[in-house]
Amino acid sequence: ACGGATSDPAASSAPAAGGVTLEEVQEAGVLTVGTEGTYRPFSYHADGSGELTGYDVEVAQAVGEKLGVEVEFAETQWDAMFAGLNAGRFDTVANQVTITEEREAEYLFTDPYTISRGVVVTLAEDTSIDGFEDLEGKRTAQSRSSNWHQLAVDSGAEVEPVEGWAQSVTLLEQGRVDATINDELTVLDYQKTENNQNIKIAAETEETSEVAFAFPKGSESVVEAVNTALSELSADGTLAEISTEYFGEDVSQ
Amino acid sequence: MSPTDPPLGGPAGGSDDAAARADRRADVPSNRSGTPLLKVTGLQKSFGDHEVLTSIDLSVRQGEVLALIGPSGSGKTTALRCLNGLEQPDAGRVEFDGGPVVDFSPATPRRERDSLRRRSAMVFQQHNLFPHMTVLQNVIEGPVQVQRRPRKEAVAEAVRLLERVGLGGKHEAYPHELSGGQQQRVGIVRALALKPSLLLFDEPTSALDPELVGDVLSVIKELAQEGWTMVLVTHELAFAREVADEVVFMDGGVVVERGHPDRVLRQPREERTRRFVHRLLNPF
Amino acid sequence: MSPTDPPLGGPAGGSDDAAARADRRADVPSNRSGTPLLKVTGLQKSFGDHEVLTSIDLSVRQGEVLALIGPSGSGKTTALRCLNGLEQPDAGRVEFDGGPVVDFSPATPRRERDSLRRRSAMVFQQHNLFPHMTVLQNVIEGPVQVQRRPRKEAVAEAVRLLERVGLGGKHEAYPHELSGGQQQRVGIVRALALKPSLLLFDEPTSALDPELVGDVLSVIKELAQEGWTMVLVTHELAFAREVADEVVFMDGGVVVERGHPDRVLRQPREERTRRFVHRLLNPF
Amino acid sequence: MGFDWNLFLESLGPIALWGLRGTIPLALASFALGMVLAVLVALMRISRNRVLSGIARAYVSAIRGTPLLVQLFVIFYGLPSVGVTLDPWPSAIIAFSLNVGGYAAEVVRAAILSVPKGQWEAGYTIGMSRTLTLRRLILPQAARVSVPPLSNTFISLVKDTSLASLILVSEAFKEAQNIAAFSQQFMVVYLAAALVYWVFCTVLSAGQNQLEKRLDRYVAH
Amino acid sequence: MGFDWNLFLESLGPIALWGLRGTIPLALASFALGMVLAVLVALMRISRNRVLSGIARAYVSAIRGTPLLVQLFVIFYGLPSVGVTLDPWPSAIIAFSLNVGGYAAEVVRAAILSVPKGQWEAGYTIGMSRTLTLRRLILPQAARVSVPPLSNTFISLVKDTSLASLILVSEAFKEAQNIAAFSQQFMVVYLAAALVYWVFCTVLSAGQNQLEKRLDRYVAH
């Protein structure tokens, strides 16, 4: 599931930050995608040790099919995600990357394939928080791999970094933090399987956030092709189908 | 201090029995007799299958010097270590006049064995000075830390003893800054500072440069003249003849021959003794 | 092998000059004369500020034994090490009959100094055997790895030499399994196996148990009788008197006195020599 | 895009600050406690008591055989499930001390065993007990031998403390990650972090040299 | 909620599998190469040539002074910007070898210096060159001394290889993280990972004991 990126001659000869062109991708017949593989339900291994799967993974595969190329995934940690893009280790990232102003300054984003909200999760009995403004001075646990980290900071919360959702919940339940902000989709998926009565969603963001594939600058032609593919997938109902499979509703628009 | 107190401090009883100590103090070199200070009977020791001491009897009277000689591996060091409780004999009896008295068996508790150390002090072949302490610290370590004597008194005593063996200027030196002979003299002073009844020497000069041997032998000779009781393992036959009151020749785990040094070293009765003495005196 | 070939293998010229070697071979012990095999003039060596050798002259003829004596620190070891290229003299000339000849100055290249090793072999006080090799491997290491002699031949030679010093059964033993005396004998055989013109001994018995000294001295005595040329640093004055053709007494970086052993050791002319000899013979 | 020198230089300050506030105190405290533990464990390991030496053995094996990350997690996330909930800093100090204790115990044990047997015997001969001999003679000598290998342990510890951020302790590496997460420039910021760590390690190594020199006063050169 | 024994047991297999496929080969290969490097660096460090010993010094300082994570990052994500793009496995092996090389060089250097000077002199005296003496006499003896400290380096390496997942190499710890992410039970899965690592380390330590015994044949007991 790894290492595909560098077997791509185009990628290995590409200078840093050069991005890839559509011809290069098509010539190689492979689109390499960076992802964590430990971010359920977006990018994870079936049954823990099986095939790589998840919403982002399946969307990327569907896009690849439209482009007529293989999709190879390179699994790494969030810290290495943008470094990997810069170094040409993979062509794009499919890991719930939220479009932000800062990121747009450095990278190209495709059209969004997920639209969701951030939610504040607290203990079920906690009544002190029912809006983002209540996070002022509270302790939150955030994985750096999302813009929820930034949102927590902006809300005046003290942010503790964690590896992922599971730890955030643990910290919350152990009373070591007061809240955690995450994607509502993550929370829904978690509640679907665990049905954890100890926690609740205490607030939602007003505005939605958009998640898209990130490419290095210089990859304009590929981004264009991916956008075309995404609109086709949206039109033929594929995206909705994948979304419903994971979330029971269409989160792609 | 009593007028009979000899220059190097003189031997003191380690026992608590003040009367017995006074007795021994009076027992000056010219008057070597009475009950032995140390009596060893039937000492036996094996390492695994290897029987090193079969049955050894020894006795030393107050103020006497006993020289232990014998071939390499004959068990001289082992015997000495048994007297100091560094080795646990399998059987045998070690008795000091005025105590302790230990009857050894495999069940003898370690405590009892260790009690032997109250009365004797050992000088090693490799001196085993404490490298991280100065000469003075080496000497006062036992008196201060173990015997709980006032530091001031211990220092005064140490200074006096070091002066006597010609190390007056070396208090603050570390052992590695001294020559082999000086190190060995510190080793002797460290033993003397404990004021033991009995001094044990295990080949105190055999690790020294030939020229430095003389220094250390002279110190030991003076100690003998001053009435210290000693057991001395040595290969220096000429020296043994000069200072010892009795020579014991050990081989194969037993005492082969014992007697006056002149007799044992010049007219040995036993063939084994004769061969050994001859080999040492005529090496090639 | 020539009929004059002595039992222990006999000295061989390390030089490539076959004629010169044949000459020296013929030069049996009874015929000690001619040009010196080794001639040292004006040897000088300081360590930092400390001048250890001021100016030393030495010479040894083929088949002769030179004994170097002197107080500790007088520079005997340093002088020997200069002959073997282990130390770089500051000045002076070391010449072997038939080469190499080295005129030392601080600029003398290391290569030239190292060339001295072609002709001599050294036996150390602490033997310095290779602990990770068996006795046999120790002995053949030089002949096989350095001199590139056929392994088979080197082994045969080593076996013969080990047999001669009484170590026939110890080929496969590791050094730590041997007694000190046996280790030192292996050290000697390791040197002999190189077939050097000159053997250098630095107090070869001073680290040994007194009883084991005899073994090693006997071997050296045999080597002397068989015509090996040797320079021997020793504190065993009686031994020096017996085997040496000449005794050199060094002190303070210079040769104080030299001559026939009986003369230097029994009727020394110099006060310093007299004091030294007296102290060694009467240590206490 | 070239190397962002600006970001690199701007990162140095905050990273170093959190090094001084987090990394260094955490490393020093854990090392001090870990050394106490290491000496105890080493003594247990060489003791004649089978139970004690067995416990020490198991401890060392467990510590050296498992990832430090897991050890941190067990103490911080695992212990609350048996009713022991510790704050981040105490958890971190306990975890790192236990870790150092396991590694350093082996070093200390080797150092104790390297003190010649004659020193024990000399101690006994002047009447010392085992404990007194150990305290006055053996440990001081073992200290000298163990400084260089322990400095390795310490330098590793300095870098390992970066894992503390996983149990909510702020230190230099977390600060680096925060800056990197914001700027997306992990490479540049990590290089800045490397420089800060390098300075810390170099300064601490200089301390080691000082210590060695001090202890060397009684050793032949 | 109780401890999920089922998950624990089910995790062992996949984690061990990726241990054998990733962790162990990576550790072994890196250690072997790292040792070659370490010997070279140690020799440079003790050489009389100032330039060589300076380079060796700087190398050791850089490796020990900076986090391994950064070293991995630089090689895998940094080098492409200067036109050198290596595959994950080669990158990992290079990074870990360089790392081991830095730490082990100090061990090897100490071991070489611990061989008595008399051994060098004995080599010279039988006519050996510096190189031959080193090869035939010094290094074999240094080997014995360095086994225990090197085993520490190796055991640390086994656990450090978990960082390789950062540069796309799959190994035991990444597998554990995968399982933990799916099951959301990181504590249970990490404990399983700890057990796997512990078994690996124990087996490898047994190898160390064997090696020590073999090398011990010429050492007094």
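Going in written order, the chains are labelled A, B, C, D and E, and every chain counts its residues from 1.
By definition in this document, a residue touches a chain if its C-beta (ideal position, glycine included) is under 8 Å from a C-beta of that chain, and two chains touch if they have at least 3 such contacts.
By chain, UniProt protein names: B, C = Cystine ABC transporter ATP-binding protein TcyC; D, E = ABC transmembrane type-1 domain-containing protein.
Remember, predicted model here, so these are calculated numbers, not experimental data.
Shared contact partners of chain D and chain E, listed by label: A. With centres computed as the average of Cα coordinates, no chain lies farther from chain E than B. Taking the CA centroid of chain C as reference, the farthest chain centroid is that of A. Computed from the mean C-alpha positions, the centre of chain C lies at a distance of 53 Å from the centre of chain D. Remark: chain B and chain D have CA centroids separated by 47 Å (rounded to whole angstrom).
Counting partner chains per residue, chain C has no residue touching two or more of them.
Multi-chain contact residues, meaning those touching two or more other chains, occur in chain A at positions 16-17, 79-80, 83, 86, 163, 167, 170.
Annotation for chain E: residues 73, 77-78, 186-187 touch two or more other chains. Chains touching one another form the pairs A-D, A-E, B-C, B-D, C-E, D-E.
The touching residues of chain C, when paired with chain E in their complex, are 84-86, 114, 117-118, 121-122, 124, 126, 128-133, 141-142, 145-147, 174-176, 190-191, 194.
Across the complex, chain A is touched by residues 11, 14, 73, 76-78, 80-81, 83, 85-89, 165-170, 174-175, 177-187, 189 of chain E.
Interface of chain D with chain E (complex): residues 61-62, 64-71, 73-74, 77-78, 81, 103, 106, 110, 148-149, 152, 155-156, 159, 162, 173, 186-187, 190-191, 193-195, 197-202, 205. Of all residues in chain B, only 71-72, 206, 209-214, 217-218, 221, 235-236, 239, 242, 276, 279-280, 282-284 touch chain C in the complex they form.
Across the interface of their complex, chain D is touched by residues 16-17, 79-80, 82-83, 86, 102-103, 106-107, 141, 144, 149-150, 160-163, 167, 170-171, 174-176 of chain A.
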